[in-house]
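Following are the structures in question.
Below, subunit A partners subunit B and then partners subunit C, in two separate complexes.
Coming up: the complex of A and B.
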């Protein structure tokens, strides 16, 4: 078990290093006019050159990367080239908003999709048709289009929810709830439909297995067979898709945050990439990838716990 | 896409079917094709359909509503919305195709090679896939845009690379599954080169899933591209639906219609792609279903009523249908499955027999004779689609299936199942839940049924494991099903069957899936337990040897009917029905007669002594 975790962490770190280097290379080619951009149009050529030297832009790619990586290992991600705000603090003030949005959505999706998928598999009939139909509709509408519709109907026309966020660093729970409701709904629909579909087919497959019949013959109550045995064997299929959904959502939430003007990682990502703020972009990419790696590790661990065969190998 | 798709079934036979026809017959598939064709026509004929340049700005006429000149009005800088929409269709569709093409160009060949050869390439490419799949798409695209500029085409190439793992995995899995198929082996032996095998035999397997995947990927590409442009990160000089969405959202208070057109175009196109993928999948599955035997599906209540009548007595074998009290009494039982055409296919027809405490009844027949279906109706564990079409079942004098029921009542059965009626299945491995320890699977039923504490149930379970001849009960108790042998697993299932002290055990071919050497041990165990506990046993088997060895009475079934029943010795010595004679003769040909036949007169004590001897051997193991 320990060696399994260590192996996964090692592979996670290798992925992290590869992605950091790849991103740094990409950004290196985009940083030609950075100093000019920072100083503005009216700065003199000398000022620009001085700025380039101050930022270390004149040095070769590898030197710059290793310097950045060395500092990053010590937890120092540098400061934003444009605002001079430390990257770590820029990210940590915005990360909670994005994570709340994504985690609340994922948890809601997991619960609702599991119940719907199981109901569809066990009861069949109308609820099955509903899940199947919803899966198609959910796949068909991109979540940001849904978000636009939600904004125009519930925020602009009906004025039930605020169209833009009211979250500030020290705002209370009600401001969060008001600002998060529509974005979460926009993220939910598509996820619930596709995960419920996964759970449905996995549960149907498990219900046909011989051991279910034997459990019934032993006098185990039906609810226990469904929620303890069948769900446990059906869960990995749903979990894998859920983890992919999580990765997709970490990126997709960028657009959702823009629509609802949520001051999360999305706004930071858009600003920093469009201006070429290398330390900030690297910070955003690194944090995102670390979260993804942690989630993947968690999913592997849960799958191992659910399925003893995986645990052994 | 216009080629008939070849499907390679499990049997290796090739099913050719015109999938296109099926898609067009499906109303959703048809509407998807119509919508997509419409969008393609818009894209191709963009120059003809509008006289405006999509970027021509008429500052004098901004945010105008539709009129004869500007069909759908103008946007905030006076550009014609209709012309932007049709030119947007061109850019959007082309860029989605570009994305899919890049993904296929990378994913397909690498998946083929990785799946076919495995080894180092497989390892490296899997690591790369892991890297790509850990990348949040939009963040990467933002970075690419920062580095290389806001080009639609460049970002779609980058997105294509990110989407390549989808094709890679699909191809790799498909190739791995067919790599060792016999026909690929045969091709290899016949001297075909690897390239020829891959292109001819393996490509045909992955073609259909790739078409489906492409439809899905195009949808995703359109969504993500419009998303980026919606953020204002697109190329402002190129008209796309995403750029129009951005423009519309800025003016959402002034002119909401500006938002509607591109949103509609995006929703319709992606929706059509998803529906098309589903329609192709359904059409392919239909082609597979034709090969599979039809079963269940539409229930036909009307015809059920006509089938449900008292069965014709003349068919039934001679049975005691008296009123005396038996442990189980099955009277004129009929079981059937509704067919798609409304008829009901009977698999058990007018079957009657009874079992008493301390008695072993064998039900013998070939596969498909209805013997297992009969056993499962006593347990109430028939598949959902099954219907009781006649007769009744009584357990200990009470109806579990009353004469008018058309399904087994689960509430009635749940009073007995696991408590007084238990079950030993055929295939030991698949009948244990792989996710729970053997101990858990023994302890839980006892806690639920006997209402005893966990520690008491654990104590009993260990004793039971010892009783069924498992040498290290503690070790087996902790083990997961995949950690024990088939013979051990069957002993565990037998221990489970006797754990709640049942009155009746139904054993469905309990030795068929086991090695020959283990079979004898398990039969000895069943015999010993039956004697010791004095339970009634219904033993379902196709093997007359097992019947001769264990049973007191036997019922012979053929095609859902009972053809003969009676005392084992009578039937073995003097079978009346030609089918029984045939079964017996096929079994005895070129074989030593079973001990039961030659030593039929052996005193009971002698037989018991022989059993004890075997039991000791069993326990010592």
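Coming up: the complex of A and C.
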């Protein structure tokens, strides 16, 4: 198990290095106007050149990358070129919002989709048709359309929730809960629809296996067969889809964050990329990659715990 | 065991319950607009500030954030008149090159430092040296002298009819001399304004919270206990926040404005910008066709401005053929009939200019201009001109235009003080005259405006007539600025300004 984790961590680090370098290269080739954009329209050409030198934009790609990587290894991600805000503080004030949004959504999706998927697989009939129908409808409705409908109904007409985020540093749990509910629901529908479908298929496949018949013939209660054996064997399929959904959401929440004016990572990523704020973009990329690696590692570990065959392979 | 209908229904209910776990406390969060007699003001801002350093301040959308914490030397009233603020009186010498300002003596900054002539000089000198976002405002400033502790004299290189206006904007903002040029002021402002920054409740890039400064010298400018400015870049989010009562005022657009009006919000419409095509390459360096005045005039005749305004902007604006606005003093009403929609005349002019089959014009475009550029393309193609659009990143739009990469571009420009407008798009130093076009007659007219003193706006009419007749631009419309507020507050729109100044809001009477 330890060597399994070590292997995963090693591959994670190599992915991290590769993505950092690749991102830095992309930013390098699109960094033509950065100094001009920082100084504004009225700065003279000499000032722009001086700023380029001050930021080190005139130096070769590899020199710049290794300097950034060296500082990053010491925990120094620098400051935003545009706002002078330290990169770490810019990210750490926004990360909790995005992570809360994504994690709460994923947990809700996991619970609801599992219940619905299992019910559909075991019970079939109307609930199965409902899940299948919902999967098609849910997939067809984009998150942001749903978000706009939710705002107009629950925030503007019924006034139950705030239309945009009311989270501030001194807000309590109630402000967080109120501000997060509609965005989470907007993310849930699509996720539940597609993952319930996956779990339904996996459970049906397991229910047809010989071991289920054997367990039943030994008189083991149906609930025990379902939750202890079938679900355990069907889980890896669902977990993989959930982890993919999580990674997709990290990037996909940007539109939801914008509609609800949630000060999360999405807005920061879009803003910093459009301006060419290299230290901030690199910080955002690095944090995101680390989160994705951790999530993948956790999914692998849970899969290994659920299914001994994974550990062996 | 099989799931019966009851347990299935239970599972669905459980799913719904989980999805709605966080319902509690929802209503308590939507009270941003304040209670019955508003003691708080919450505004939506279209733009975020770069830093709190006054040298990073920028006219328009970001100014209210700076105005909350910094006083300026002179204040601009809603009707555009300049009134005392930190400077109690000011006057020019005979040849308009030395401006002497008398300053208040009872003002202190957040850190306890006193405001005096030395502090004002330090601020002005630093603004010029820092060459920040609005550095052009200090371009004509040669030196600042302390005459006595409450008087400064600003010497200009040459007369600048807009200089006292600039002292109401970024150039006039006064920070504590102890904080000027430090890194600290970038994240925590240190001024003497009506409100104090509440760093603990603020989040960079999301919201800025300010509380009433105790002992502020002008209670009339301090009408709320707390002011919050939320950065809401998304139009839908701004509209929703306003309609649901989370913010008290926001800038919308004609379409979302209809929704806000339907929800009982109060419109405050004013015309700030003109929109049209700026024909930069009037010497034909990269597009020879534009060197011919007949070609430029043909382009002006090619547009059915009234129909475009109705279809694209729901008639929220006025069609125009000139780039100076009605309140600028340089406006000539008759000029608005210079180029009526006449495609036949446009074709005839193109033929006379040697382009009977038209020509191709390449312009840059960004997402926000895509819809209007599509319309321009259609109308120009009707007279034989092919408009090619090249998509570029938003951040590069202005810098690419300023670098002379395009012969023309669609843009919105401010219709303000004539001297500001001339230096923005007509003079050889103007940012939006990238090819430095000039002709001796026009240069003489510009010189006359510069030295015209109180008469300069009147003299600017000649400049207006010249650039209109010579078709330097294809002006289309003066668009309505669709500013909306709820009924808890009173708002006075500010002449020729994108959004009202922070002083223009008051609790509803």
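Assorted remarks:
In this section, the second predicted complex is superposed on the first by the 313 of 313 C-alpha atoms of A that agree within 3 Å, B and C clash if a C-alpha of one lies under 4 Å from a C-alpha of the other, contacts with A are read in each partner's own complex, and residues count from 1 in each chain.
What we mean here is this: a contact is a pair of C-beta atoms (placed from the backbone, for glycine too) under 8 Å apart; a residue touches a chain by one contact, two chains touch by 3 or more.
Note that the coordinates shown come from a computational prediction; the quantities given were computed from them, not determined experimentally.
In the three-chain model built by superposing on subunit A, subunit B clashes with subunit C.
In the superposition on chain A, A:145 makes contact with subunit B only, while subunit C stays out of contact range.
Judged by the touch definition given at the top, the superposed model places A:274 against both subunit B and subunit C. With both structures placed on the common chain, the touch criterion links A:156 to subunit B and to subunit C. With both structures placed on the common chain, the touch criterion links A:306 to subunit B but leaves subunit C unconnected. Once the two complexes are overlaid on the shared chain, A:285 sits against subunit B while remaining clear of subunit C. Using the contact criterion defined above for the overlaid structures, shared-chain residue A:60 touches neither subunit B nor subunit C, since it reaches no partner. In the superposed model, A:18 makes contact with subunit B only, not with subunit C.
By the touch criterion defined above, A:215 reaches subunit B but does not reach subunit C.
Contact with subunit B, but none with subunit C, is seen for A:27 once the two complexes are overlaid on the shared chain. The clash between subunit C and subunit B in the overlaid arrangement falls on one stretch of those listed (9-17, 243-251 or 369-377), that is 369-377.
Common to the subunit B and subunit C contact sets on subunit A are residues 148, 151-152, 156, 221-222, 258-259, 274, 276.
The residues of subunit A lying in touch with subunit B in their complex are 11, 14-15, 18-19, 23, 26-27, 29-30, 136-137, 139-142, 144-145, 148-149, 151-152, 156, 209-211, 213-222, 224, 229, 232-233, 244, 247-248, 250-252, 254-255, 258-259, 269-270, 273-274, 276, 281, 284-285, 288-289, 292-293, 296, 306-309, 312. Subunit C makes touch with subunit A in their complex at residues 1-3, 7-8, 11-12, 14-15, 18-30, 32, 50-51, 58, 131-136, 183, 186-187, 200-207, 209, 230, 232-234, 236-237, 240-241, 243-246, 263, 393-396, 398-400, 402, 431. Those residues of subunit B that touch subunit A in the complex are listed here as 28, 127, 130-131, 133-140, 142-148, 216, 219, 223, 226-227, 230-231, 233, 245, 249, 252-253, 256, 259, 263, 266-267, 270-271, 274-275, 278, 379, 381, 410, 414, 417-419, 421-423, 425, 427, 430-436, 444-445, 448-449, 480, 482, 493, 496, 500. On subunit A, the positions that touch subunit C within their shared complex are 32-33, 36-37, 39-44, 47, 82-85, 90, 93-94, 104, 108, 111-112, 115-116, 119, 122-123, 127, 148, 151-152, 155-156, 159-166, 168-171, 173-181, 184-185, 188, 192, 221-223, 226, 258-261, 263, 267-268, 271, 274-276.
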